[in-house]
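Got a structure here, written out as structure tokens. Questions coming.
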């Protein structure tokens, strides 16, 4: 009975939400924006160092967002490995000995690596970029992991942590360097913008892949735990 | 009425469905999926609504990209936590622990009082 | 000079997060100390700059507002930056001694701590709606990570619940941002505010505002949406609880307040304002009552946060459609409440941690006879409690006083019930703790004295919250100046 | 200068004597010093310049002390009585609770003397209160259940009286806008609600003075106190109430026939009713206490007359003073005699009985005694033709009835004393004190100021010449007593 | 920042600093703590004495700085302030001495003395507060610092008393805060000013001002133990004797009464308050309280409870005095502030002595205590008679001045109240005295402690003797220049414009 009631209530709430949202969208769709950001963007695209406006926004105009976004990712990674088993990442249950998968892996992994590289490179002038590349890279890692390929660098050790933080650190270093050189935080010198962006994208790709992979791999099986403070 | 507005409206619908699931489902992984559904809805609204008038707009696209990363990070973290929670308590939902205490696999005794 | 300071402010936490990620707990601690010193100095310097010269905008990457992200460094922001520096420094220092260095997972405390700090600074300075979203997520995930750090299933349960609430809140907020962007084509808060001032049609944006408020209120744990907070804050390590209660919930509230102050006049409505106020009032009573009922020390403190947060939401009804003077008063009240609650609650959680460490139990009645041993921490707890009760001369009192003034000036007498009754209710739960410590019939003869380092930190915080009441005027003068500046831009 | 120091010493010496109470060992010394305590007062009474106010601006609410005619007489009476009773006390008291007795004695003494020399209200009231409360200690000194009960009654009524006084004095002082007692009567006279003040004052002081219906404590408290204390209670302290009336009531300012009537009725009731009630008792001290009520009733008559006719104030005051002196000394004497143990030897016993008898008869107005003088003075002052208030014409009758009643009561006392007296040796000081008191009552009284300055003719002589008018009530009463005695003897019943 | 500005601050700091030092001292350092305590107390007495002299010569001491927007923190020493400050400083010294003796060999002394000093600091702050806001600040500080003292023993009963106490006082504080805030909204930050601020108020302010007055009095009335807000006082007597002494005599109830004085005199002004018809109502309540407290005291068999109800009754004398609204009546009320303090502290000291030395708590156990403890009993007797209003003690001066004032104001019924109250006082004090002095000791003393030849510890004996001496002198020398009455008259001529 309560269940039905709960469903009814939630349905009503969701419906109200939906109608409010639709009404809003409808209303907003009928107005014009006071600020034309795309035009502004197009006007400044040349100074950004990349041709693809999305990448320009991501890594130049709103690079702060991206920096923080990577930060979020790193946090997730940290939090993930913080609950991971300390000694080994080997989880026998996760290992499959599927022949087909193994064969597929041998083909797919190099392909995905290539794809990742392309995506990264393409990012500067068409859709693509560090995140997409990183995701693809991570996917190949997952495949390898499922195939039972040991990946020692994923043990929670310095290597893993270095890997996690690499992209972020480089990004940050660039940001700080720009500040140190007298300009503002995160302001790239125009002549170096493209180089820097590419460099950042590259390390980011690695880091993103690393984080995603680590989160996938860090199977929390350790029994080490901490009781609540003064817990009884 | 451009297709973009349709996207936005579809996003709204996704949001509502996601919300419904998010509230009602107690299984944590499914709840998380509902959340992701909702997230997608939001991203659709964001892009659709912005592009409805001025055509392709890279800014919301970039925002959505960022948003996706954030959502993925959150999802991944949630999954990790949920897995560990499951591992420790054997449960997949946040039911009231008062009613059925967790069959904890032998939680260690409370930290010894420092004086002992 | 200012540029350097800004770079320092933004850079240090992020960089230190990376640095501490690469090291173990002990080295991380040493590094953190250095970072704390830098952060505090930078914050102080910035505060001095703003106090002397007024606020300024800081376009990141050199890109001006609609296109790039501009940070807004006004008096309010810098005050919160400074507050964050103080509380975070205290919590960080405390954690350095409080956490067990031999537990491997504690090394991750430091990076999470620094990311949290960074996220908070993002929020205080943010003027870009989407940037604020990212900042919120940064805070939320770091906070969840901290709650879950090495915890048992209960801690994980709390963390998951917290995470779910935070995610839902973020999405609601993001949806609002999406609608706003669709409406105004801009993400800059001040840009939207100036667009609103030009009298454009705003049909439908009210819903966006409501969505954002819903999301933010959920993250702030406003009354009916508060249920995630007590488990999370109660079960986390004490320094973490201190950070969460003192700062994290304030982040989302701060955004809500900024939104309201910039956009509320046009997009808000009387009903919304009163609704938020009423929910705040109910939070005060419900939280107070729950705090009174709970038997675990940290749960009491956590529920007290729910109650104290309720006061903050009085800002909305008290600034709706009224005179400039009253608005200023309400803002000042809110600011003081944020600051004093942050200081007091941090002091309270830290000292609660010390007390738990001392008696080896989380239960309230385990405190029997503790005052016998004159623990410093009990004093700190008590002093902080005074501020929560809103008794003079604490900051809590100053805030309450200003809220009272604003309520009376706007004729909204019903808030008096909240302010005065809430004060009494908080007295009830605070005195329950005192009372427990005065019980003489237990014959405990062992009492572990935590190191003085652990005890002195909450004491300083408590004294600061006490002194805030006496020093409210100078502190507020910087803030008031900033509001005036901020409005024009 | 001397006046000032004597006045100060009057109060300071008894108060200072309290220091002797600090050590248990000193209590004997303290006891022996009791007779000395009123000495400065006695000297002051004899030597002080009259109307020479001593200003004590720091004291209470601006203190003023001093003596005038009235106060001088009262001071002499009081101090003499206290001194003799003090001597008596040395012999009377056993060692039990000596220290407590001495302390309350000294305090009561201080109050009693102090109120006499006070000219300002605050001091007066202070001393009055001190006396009232300290006397409680004397009343309950024996610690018996009876004493405690008496003490309780005493205190209850006394406190009520104090409050009436406080109220009356407050109102009077507020109206007079002065704290000086000398200003009060005039102020009260001019006050439109003077009846209230007068009523309060009459009843307030009436408690001390044993006014009928306020007297209940008196026959209870006076007998249970140690004998020397009873003597001063009945002899001196009761007069404090009278003094209070005299200094506060608007006597001589205003004729208030209504109050005259009231007081006369009360006085008559007291004089006759007191005696009647006393007749029913067999304890000598109780009988004496009722006698005090009766005697005070007679004095009340005079006060009433004075209230009724402002013109007669001067004569009446003299008469009142004289009567008070006489009664105080005689009553003190009689009280002291109640605890005298009879010598075994027959002749000595007769002598003792004689010495007891004379003050008794003096009360009844035996010629050549102070009682006779007092009676004559009273008669003189209360001649009905001088007054025009309603009850004035009944005054002689009342006085005669009073005289008869007095004598009857005295016989009753003698009889009761005879029943209860024991034989045995007396302490030296007991003898001394008693003899001293008797001496005062019979002899020294004639040398007191105010006694021998009336119209050039000494009272002593006058009493002899007016012998008959004094004697007949005595005779009637004696006859009645004998008749009753015979009747009772025939019936052979015991005590009533 | 001249000396004149800093003197009040210094005076305040002495006890605050003492509190801090004491808290920091280890529990075992008894002698050092006693030294710190006494030094601070003496120092403070000196400072206050200095200020009293200065104020007498017409100097003004004070300091003010803004605290919260629109509100100033004001410390100011005027004659009225010095009345209260002098009382608290003098009695602090004595109570400290007493407490040292009383708490000998008991645990938690560090805590006790620390809060004790805080409590005194708050009292001084209340005295020196220059506006309602500052007053409130210290008023609440007082509440907090007395709580640990009330529950000091940590027994179930003490804790319950503490709860009652804190519920009452905090609720009162909340009400007071509401009143102050409302007043602030109506008319801004109001410093205490002789004659008040509303001499010529707008007619439309009348209604709100009346309401605010009622609210303020209700808030202050809790501490002043006005019926029906007095419930905490008899309960709080479970505290250790010096605490009760302090609560009843100086700190808490006086804070309430003093606040009412400030509000009536220096916020509203007597005339305005009278014109609004507020004084008669207040007078009626005060009169009722006086009688009610006395009647209740009659029924108590516990000595301290009886004293507590006596306080309920006596404190309202102060308030009743104000309502007489004439120079004399007001003087009576004000002087009772001091007199009641001295008398009641003596009584509580003595009650404490009986309890501590002989283990006597109930009145019917006191039989014969006078012989065993004459010094204490003499002090008790003097104080009790003072309470009854017997001349020449301090209480008489109060009663006399108030009575005269009542008559001058044409409020004759007040006399009746005074008389009935005195009778009741007599009715509940005299039996106690009778038992002490004339009762025969029936049972051996419950828990007698020996102190050699002396009746009790000198630390315990002297404070009541000194206060008893005070109350005797306060009455005897009432007309001397620095007597309480003399000082009150100075206040009246200088600061109460009548």
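Just so it is clear, A, B, C, D and E label the chains in written order, and each chain counts residues from 1 on its own.
Everything below uses one rule, namely that a residue touches a chain if its C-beta (ideal position, glycine included) is under 8 Å from a C-beta of that chain, and two chains touch if they have at least 3 such contacts.
Predicted, not measured: the structure shown is a model, and the values here were computed from it.
The chain with its Cα centre farthest from the Cα centre of subunit E is A.
Distance from each chain's C-alpha mean to the overall C-alpha mean is smallest for E.
Looking at A-B alongside A-C, one finds more C-beta pairs in contact between the chains of A-C.
Farthest from subunit B, judged by the mean position of CA atoms in each chain, is D. Each chain gets a centre from the mean of its Cα atoms; for subunit A and subunit D, those two points are 113 Å apart.
If each chain is reduced to the centroid of its CA atoms, subunit C and subunit E end up 42 Å from each other.
Note: centroid distance subunit D to subunit E, computed from Cα atoms, is 44 Å. Mean C-alpha position of subunit B lies 63 Å from that of subunit E. Residue positions of subunit B with contacts to 2 or more other chains are 8, 15, 45, 49, 52, 54, 59, 63, 66, 70, 73-74, 77, 81, 84, 88, 107, 111. Looking at which chains touch one another, you get A-B, A-C, B-C, C-E, D-E. Within the complex formed with subunit E, the subunit C residues making contact are 329, 332, 336, 369, 371-372, 374, 379, 386, 389, 391-393, 397-398, 400-402, 404-405, 408-409, 416, 420-421, 423-424, 427, 431, 434-435, 438-441, 469-473, 476, 480. Subunit D meets subunit E in the complex at residues 57-63, 100, 122-123, 125-126, 129-130, 133, 137, 140, 143, 148, 151-152, 155, 159-160, 162-163, 166-167, 170-171, 173-175. The touching residues of subunit B, counted against subunit C in their complex, run 8, 15, 22, 28, 31, 35, 38-39, 42, 45-46, 49-50, 52, 54, 59-60, 63, 66-67, 70, 73-74, 77-78, 81-82, 84-85, 88-89, 91, 94, 97, 102, 104, 107, 111, 113-115.
Residues 6-7, 10-11, 13-15, 17-18, 21-22, 25, 28-29, 32-33, 36-38, 41, 52-54, 56-58, 62, 65-66, 69-70, 72-73, 75-76, 79-80, 83, 129, 131, 208, 211-212, 215-216, 218-221, 223, 225, 227, 230-232 of subunit A are the ones touching subunit B in the complex.
Subunit E contributes residues 23, 27, 65-71, 73, 107-108, 110-111, 136-138, 140-141, 143-144, 147-148, 151-156, 158-159, 162-163, 166, 170-171, 173-175, 177-178, 181-182, 184-185 to its touches with subunit C in the complex.
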